[in-house]
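Heads up, the next two complexes both have subunit A, just with different partners, subunit B and then subunit C.
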Partner chain A sequence: MIRVMLGLGARAAVVLAGTAFATFALLWHAPGDPALAIALARFDAQVPPEVVEQIRAQAGLNAGFWSAFQAWIGPLLTGDFGRSSVTGREIWPDLVTAASYTFPLALAGLAIGLALSIPLAIIATRRPGGWLDRGAVALASLGAAIPTYWLGLLLILLFAVQLGWLPAMGARTPVHIVLPALTLGLGVAASLTRILRSGILEARSQAFLPAFRRRGVTPNDIERAHVAPHAAVPVVTVIGLELAFLLEGAVILEVIFARPGLGTFLVNAISTRDFPAVQAVVIVAAVIFVCVNLLIDLIYRVLDPRIGEHDA
Partner chain B sequence: MTITLFGLSATRSGRPILHPTDITIEPGARVGLVGASGSGKSTLGHTLIDALRAQGTTVAHVPQSPDEALDPLRSMGFHWREAERALHLAPNPARQAKLFEALNISGANLRKRPWGWSRGMQQRFVIAMALIGTPDLLVMDEPTSALDPVVAAQTMDLLDRYLADRHTALLLITHDLGLAARRVSRLLVMAQGQVVEDAPTLQMLAQPQTKQAQALCAHRNWRTLPC
Partner chain C sequence: MRSVWAVAMLLVSLSLLGPLLAPYDPTAIGLANRLSGPSGDNLLGTDALGRDILSRLLHGARWSLGLAFVISVLGLIIGTLAGVLAAQGGKVVDWSVMRVTDTFLAFPELIAAVVIAGVLGAGTGSLVFALTVTGWMRYARVARGIGLSLQTRGYVVQARLAGVSMASIAWWHYLPSLLPSLVVVWTGMFARAILGISALGFLGFGVQPPTPEWGTMLLDARIHMRSTPLQMIWPGLTVVFCVLAINLAGDTLRDALAQEEKQL
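== the complex of A and B ==
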């Protein structure tokens, strides 16, 4: 087990190092003049070329690629994300504030997704091929086909504009989270329902189950003790992948719903060419991804120890 | 209680794989079901078990392979407790210890899952599970195919001793006529989804009537096998 964890840790380190380098290199080589963009963001007016050059020197943009990379990665390794090149503020506190809005949203989305998809999949698989099952599959396919931003706008139109039940913009009260979380949750539910449904059906068709029936184990016990654990294994994997969807969805939804959060933070940083801030968000997202996937790898091995037996 | 069933049949994708068959098994009888692979032996066994369970007759089953009997995600201990619960029996460590000792799997770790045990041990565990209660009928489908000949013979001896003082009847499904010849008093020969011959073992071995039975008996090497 220790060897396995060391192996997984080494892989995680490689992924994070690759992400850091790729992000830095992509932004460095992006077209356009970042110094000019920063100047525009700072002064919101036409600025003389001397000021732009001054900013370029300040932000370390006139150094070579490698020295700039070293100047960024060195402090990062000690946990220092540096300062925003636009506002000059420390990035880390702002990032924490942003995350404190995004994490509850992502978790609420995941919770809504699970709360909808588990009962739906159980109802659907009660009679495979029946009209309830077909209905659930149709609904799930429809849900998976609808882009998050469109669903978000539809929900705003219905619940905020037409009915006036829920607030759509901002994050002033806890109620403000309902609409964006519902939007995220419906998207998660759509894909989870399909995975759960096929997982349950596959688990039910396992060759050893008839022997349990013939042994006199009740259908309820078979479902609980032998179908559910097998159906859970693919779901755990998918939740890891859903995290990508959740973070990505949160970025789009925060802009649509005018919520503060990592998404809004990232979009603002990109539009003002605030490279250190963009890099910080990407690194934090990568760390979250790697940690969740590590966790899922470990849960996987607990659920089904045959997985990764000859691994690492 | 004599087991009597009429008109057992089975179809797969609309094609009959078991033609209507009548079966009578006396209490405590040892019946062998032999035939070539694909002749419908296991199908008859499954159909028989399902029909008996529906009737309320108690029946235990040892499938052909432990893969068909054990959940790879559940521990052996869980399987055992579940089998006890299914028979409405309270956990009884003494009964478990006795069966395990008899089948020579005493030292094994019950916290492990099936694949933590060797296949032969898994198979003996499944046989032990089938012996927890005292069923009216024990259906064993190729019970010794995962065991080496010596262990197979020991296992069958244990079964003989276990069944000796009980009314439990045994239906032994096998394509190994040598095993059947030594263990059962009556033989059913199956071919193409039908029972084509039904006779006492010695009579069948001496004078097989049908072509299929003659073909099975023609393989005389069953005389030299240890079990």
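== the complex of A and C ==
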């Protein structure tokens, strides 16, 4: 087990290092003069060339690729994300504030997704091929084809514009989270229902179940002791996959619902060409993503000990 | 299988013939007739600049479907090459290729695409680059998996012993076995590309105005949600329809493939 964990940890480290390098290389080779972009963002008017050069020197843009990479990655390893090139503010506190809006949204979306999909999958698999089952599958297929942002717009149109029940823009009150969370949750529910459904059906087809049945084990006991744990394994993996969907969805929905958060932070940073801030968001997202996946990989192995000890 | 062909024909004809069917020029501005509802002249109404929405949707098909096709095929080529390389190249190559694949997979694809397209500057080129770079990994995984299982098959071993080059083995022995599974992956990635293009367009990082593209049309429509909500419905419905059709075709293909494997 320790060897497996070391292997997984090494893999995660390689992935993070790769992400950091790729991000830095992309931004370094981005078209346009970053010093000029900073100058324009700060002064908002014609800037004399001397000032641009001064900014260039200050921001360390004169250095070569490798020394600039070292100047960035060194402090980063100690948790220092540097300062925004546009506002000059420290990035980390702003990033924490942004995350404090994004995480509740993502968690609420996941909770709604689970709350909708688990009962739906259980009802659907009660009679496989029945009209409830086919309806659930059709709903799930439809859900997978609807772009998150369009669903968000439709919900705004219905609940905020037409009915006026819920607020759509901003994040002033806790109620503001309802519409974006519902949008995310419906998307999550679509894919979860599909996977849960096939997970339950597969668990029911295990070869040893008829033997238990003939020995007189009640159907309820079989469901509880043999079907449910087996069907739970894919759910854990899928929550890992859903994380990508939740993060992506949160990014777009924050823009639509004018919520502060990591998505708004990222899109603003890209538009103002605030590259230190872009790098910071990318790194934080990668760390979250890799850590959660690592955790899920471990849970997965605990839930299903058959999963290879040697393939890490 | 007939439904798969129907979907394919529909999408191909939509992107090839769509512009010909359009009743108006998609960029013709008519401010006197702006934000009008569906009528005999403009079947789906007009947008904020008085442009005919139906014409924009039909012209947009070429961009949305065409670009998605290009992106998904580029991803297919890159991913297959990477996967076959990993399967054939031995332990070190395999490890390195798969770690690169992991790195790209380790990040939510759409966020990576937003960063890449945004940083490179909005435009069709950056859009294609961003979605291709973030969309080849699934092919690589599938190609590597099947490739590794072929590595020990009798005919592959014999070909290698007979001195057939790696490239020829890949072309003549790997590709035919890989293609069915890769095509199934491709349908999924094609649908994802349509969603990705429209999402980037919606965020303003995709195809630039005045070119009609479904996501960009939604971005325009969003501002006028209160006065003309229908303007926002049409492009979204078109995206949903295409993605749903492709996904269902993909499911049919996958089931057909599974059937065939069972019979073997």
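Annotations
Simple rule for what comes next: the second predicted complex is superposed on the first by the 310 of 312 C-alpha atoms of A that agree within 3 Å, B and C clash if a C-alpha of one lies under 4 Å from a C-alpha of the other, contacts with A are read in each partner's own complex, and residues count from 1 in each chain.
What we mean here is this: a contact is a pair of C-beta atoms (placed from the backbone, for glycine too) under 8 Å apart; a residue touches a chain by one contact, two chains touch by 3 or more.
Just so it is clear, the model here is predicted, and its values are computed rather than measured.
Clash-free side-by-side placement of subunit B and subunit C is the outcome of superposition onto subunit A. In the superposition on chain A, A:80 makes contact with neither subunit B nor subunit C. For subunit A, the partner with contacts to more residues, out of subunit B and subunit C, is C.
Contact with subunit C, but none with subunit B, is seen for A:154 once the two complexes are overlaid on the shared chain. When both complexes are overlaid on chain A, the residue A:90 reaches neither subunit B nor subunit C. By the touch criterion defined above, A:11 reaches subunit C but does not reach subunit B. In the superposition on chain A, A:202 makes contact with neither subunit B nor subunit C.
In the superposition on chain A, A:226 makes contact with subunit B only, while subunit C stays out of contact range. When the shared chain is aligned, subunit B comes close enough to touch A:211, but subunit C does not. Legend: residue contacts after superposition of the two complexes on their common chain; A:32 is shown touching subunit C, with no touch to subunit B. Using C-alpha centres, the superposed arrangement gives subunit A a vertex angle toward subunit B and subunit C of 90 degrees, stated as a multiple of 10.
This overlay, made by fitting chain A, leaves subunit B and subunit C with a least C-alpha separation of 16 Å.
Common to the subunit B and subunit C interfaces on subunit A is no residue. Taken together, the subunit A residues at the contact with subunit B in this complex read 206-208, 210-212, 214-218, 221, 225-226, 229-230, 303-306. Subunit A meets subunit C in the complex at residues 11, 14-16, 18-19, 22-23, 26-27, 30-32, 141-142, 144-150, 153-154, 156-157, 161, 243-245, 247-248, 251-252, 255-256, 266-267, 270-271, 273, 275, 278, 282, 285-286, 289-290, 293. Interface of subunit B with subunit A (complex): residues 46, 49-50, 53, 59-61, 63, 67-74, 78, 82-83, 85-87, 113, 115, 129. For subunit C in complex with subunit A, the touching residues are 99-100, 102-103, 106-111, 114-116, 118-121, 191, 195, 198-199, 202-203, 205, 218, 222, 225-226, 229, 232, 236, 239-240, 243-244, 247-248.
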